[in-house]
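Think of it as A, B and C in the order they're written, each chain with its own count starting at 1.
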Amino acid sequence: MPNPQLNQHGELQHLLALRGLPRDVLVHILDTAASFLSVSDREVKKVPIMRGKSVFNLFFESSTRTRTTFEIAAKRLSADVINLNIAASSASKGESLLDTIDNLTAMHADMFVVRHAESGAPFLISQHLNTTGRHHIHVINAGDGRHAHPTQGLLDVFTIRHHKGDFSRLQVAIVGDILHSRVARSDIHALKTLGVPDVRVVGPRTLLSPEMLQMGIRTFNDMREGLRDVDVIIMLRLQNERMNGSLLPSAQEFFRNYGLTPERLSLARPDAIVMHPGPMNRGVEIDSAVADGSQAVILSQVTYGIAIRMAVMSILAGN
Amino acid sequence: MPNPQLNQHGELQHLLALRGLPRDVLVHILDTAASFLSVSDREVKKVPIMRGKSVFNLFFESSTRTRTTFEIAAKRLSADVINLNIAASSASKGESLLDTIDNLTAMHADMFVVRHAESGAPFLISQHLNTTGRHHIHVINAGDGRHAHPTQGLLDVFTIRHHKGDFSRLQVAIVGDILHSRVARSDIHALKTLGVPDVRVVGPRTLLSPEMLQMGIRTFNDMREGLRDVDVIIMLRLQNERMNGSLLPSAQEFFRNYGLTPERLSLARPDAIVMHPGPMNRGVEIDSAVADGSQAVILSQVTYGIAIRMAVMSILAGN
Amino acid sequence: MPNPQLNQHGELQHLLALRGLPRDVLVHILDTAASFLSVSDREVKKVPIMRGKSVFNLFFESSTRTRTTFEIAAKRLSADVINLNIAASSASKGESLLDTIDNLTAMHADMFVVRHAESGAPFLISQHLNTTGRHHIHVINAGDGRHAHPTQGLLDVFTIRHHKGDFSRLQVAIVGDILHSRVARSDIHALKTLGVPDVRVVGPRTLLSPEMLQMGIRTFNDMREGLRDVDVIIMLRLQNERMNGSLLPSAQEFFRNYGLTPERLSLARPDAIVMHPGPMNRGVEIDSAVADGSQAVILSQVTYGIAIRMAVMSILAGN
């Protein structure tokens, strides 16, 4: 079965998930992002690559931060950006998701950046566009349910490549609420495809995903064991709003067992880097001394995130 | 009495309603829109006609879809667009409508796109601008109460002209909640001015407007009679939010009597087109088989709507 | 102690408050604004000064009007503008103010326009940027608590200079709720620095600020005494939302004692001008006959406000 994200020439047509994307597609995105890093440092932070293109930010689930990163990336590519908070509009008038998409494509949309609480919504949109012959319109998944957050996964591996150079000898630990995390899922697929030999997840038994075992991921319930000698620690955000209460005793207890403190960080390799997708809950999943310490590369992730989004948009627009 | 939308040279200064607009003004807008259709198909979907102009979307009543169409149209004309959701801002601080307008014109606004729940609000604004000598500032009515929605009326007649060529032999049926519909009102005025000999409205007695009789419009309560041999069917949206309950038994009963099904559509001419201003309530006023069928031109309406709005804005900006 | 708004060369790096700003810095802003006044009158109302710069409107307290003026100013300077209503976003996810700032600067923000209900928030942000070496990022205070609203103060003195030419012989009365007014505070500092010999405040005893006495400001409880022979009257907005009820009997009683009526205005000099920061409460602090009368320069203030904001942004971006 061909990957639904690739066109018949094997080029990226939509970015829906990192699972199953060929290594050369990932590397091409990372290399393109590297070339965009300098644009944001220029006096005039703009390139004309998407001038006159219409990018729609379709946020069925609100996320000011993620929306902002895509808006900045699109504007630096000179695109016209239209922000639609769909939760508050047509959806409430009873219009279906695909009717909304049909209407916006009739307005000559070029690209949809889609955030949705339901897993699979961006895929559904991309299939609808493909089966109706609108192959020139591109979909980027900006986070769907518990499924995937591919641009976050890409910026995470970009950050790792930037700091560690080579993927082939790395030990990477992902810590926290794996069960609800689309970030963890996207990170794992990217790291595996890029050849990281040891990807492990660390967290309370109730928040680990059974799916991990099938993916050949080692799981740890003990933070100290999980972090030993790793090169990279990816802390996840504890998403209170996603939990039903029964899975987790309290934020305080979570910190006691899984919060990243300087002591625990010292179990990793001395040159280990600490990552977090943000926004951070200081004192819940991460201690401020670590968040602001010399091993944290959390703000670099944000910077690289703009370059990654510019890369994905420009590659899609060119295919 | 001169038409308050025209300046002393008979040129369009504001677009408030289609009632009373001369035929040549309507045709000029349609012809200009035709020339803009190609802009949205270009690689770079922009023309510099309104570069440096400030267009304010003043939405006193929220409508993401309509606001988006005006935003896209203005950006493709290279204008700067400022979206103001007035319901949530100064209005709540007790400032009057005209004080808001005075403030925005003091910021050198060039054009106001106004949506308001009260009929006549755009007219009030235009009169205020004219009587205070600010003739270079233009108002576009984006829907006011039950009164008018002139750009919708224009895109509807554009769609009809595109598919039928000539207005002079057409039978057009408008179906549904005529009483509350500013779309119906604008459509009827445009169709009459352009010479359509048979414009008819179809709907339950409680949702037909007495005003129709004065306008020489035939009214039908029976859907089958009303649709017989027509060339164009314009289905209206059943606006639940506007109804008080007593006028309509239920959505199911409405569909049973007035929903456009394939069977009912077959009573019209074989080449009849089906239109809808959107967003559609599938299964209430229209059956999905019709909405997605070969006679539906509903998405073309959306595409033409961008061209119409670009045409109106550019004509106003040039006068 | 050096002024925290100035860099080591004495140039404006942030605009946080007018207190303590040297006279030549104020005059330079006013002169620059004068040169920008003509831009808004041009056919193409744009200059390329900030092309490719990213300006973030960070509104922790919502204010559509003020946000709009900064958005227009930035767009006329060709900057990319990102509006963030922070009250509704990350803040609610528990992220701290400074984490939000760190994230946005990691996206290569060039300028923050900050409105916050807490006095000192813009100062806190500017200090955080300076102490972490990010001297190329600029902060503009768009109103913080009861503390300051410097661009309003600047546009007020611009308006006075425009109409009165010289500051050295003026009598200026500021009338109303001085206690809660950041506008009054900014006006007073600017007027003092620019050499106005008689700045006075007029209002009920409960709404006058003890701080005024220290600043050498004369206070009046009697409106008729306070207005006698003044050249400039600055009426403040009665901010109901800021008052706790106990300080003020009622809006009607306020108008009876301190509303600016034609009769009271006649006590001032015949060529006195009337100013108001907007939005006006007609019939509360100002009579419509005065608000719409020949001595009112309230809408000129709005126009000059755009030029002042363009001036401040362009000066900061150049330093």
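Brief remarks on what is shown
Following the convention adopted for this analysis, a residue touches a chain if its C-beta (ideal position, glycine included) is under 8 Å from a C-beta of that chain, and two chains touch if they have at least 3 such contacts.
For clarity, every value in this text was computed on a predicted model and none was experimentally measured.
The chains in contact with chain A as well as with chain B are C. Because chain B and chain C share one sequence, their contact can be compared position by position; here under half of the interface residue numbers appear on both sides.
Work out the mean CA point of chain B and of chain C, and you get 41 Å between them.
Annotation for chain C: no residues touch two or more other chains. Contact residues on chain C toward chain A in their complex (touch as defined above): 51-54, 80, 82, 84-86, 88-90, 93-96, 99-100, 102-104, 106-108.
Residues 40-46, 62-65, 68-69, 71-72, 75-76, 278-282, 299-300, 302-303, 305-306 of chain C touch chain B in their complex.
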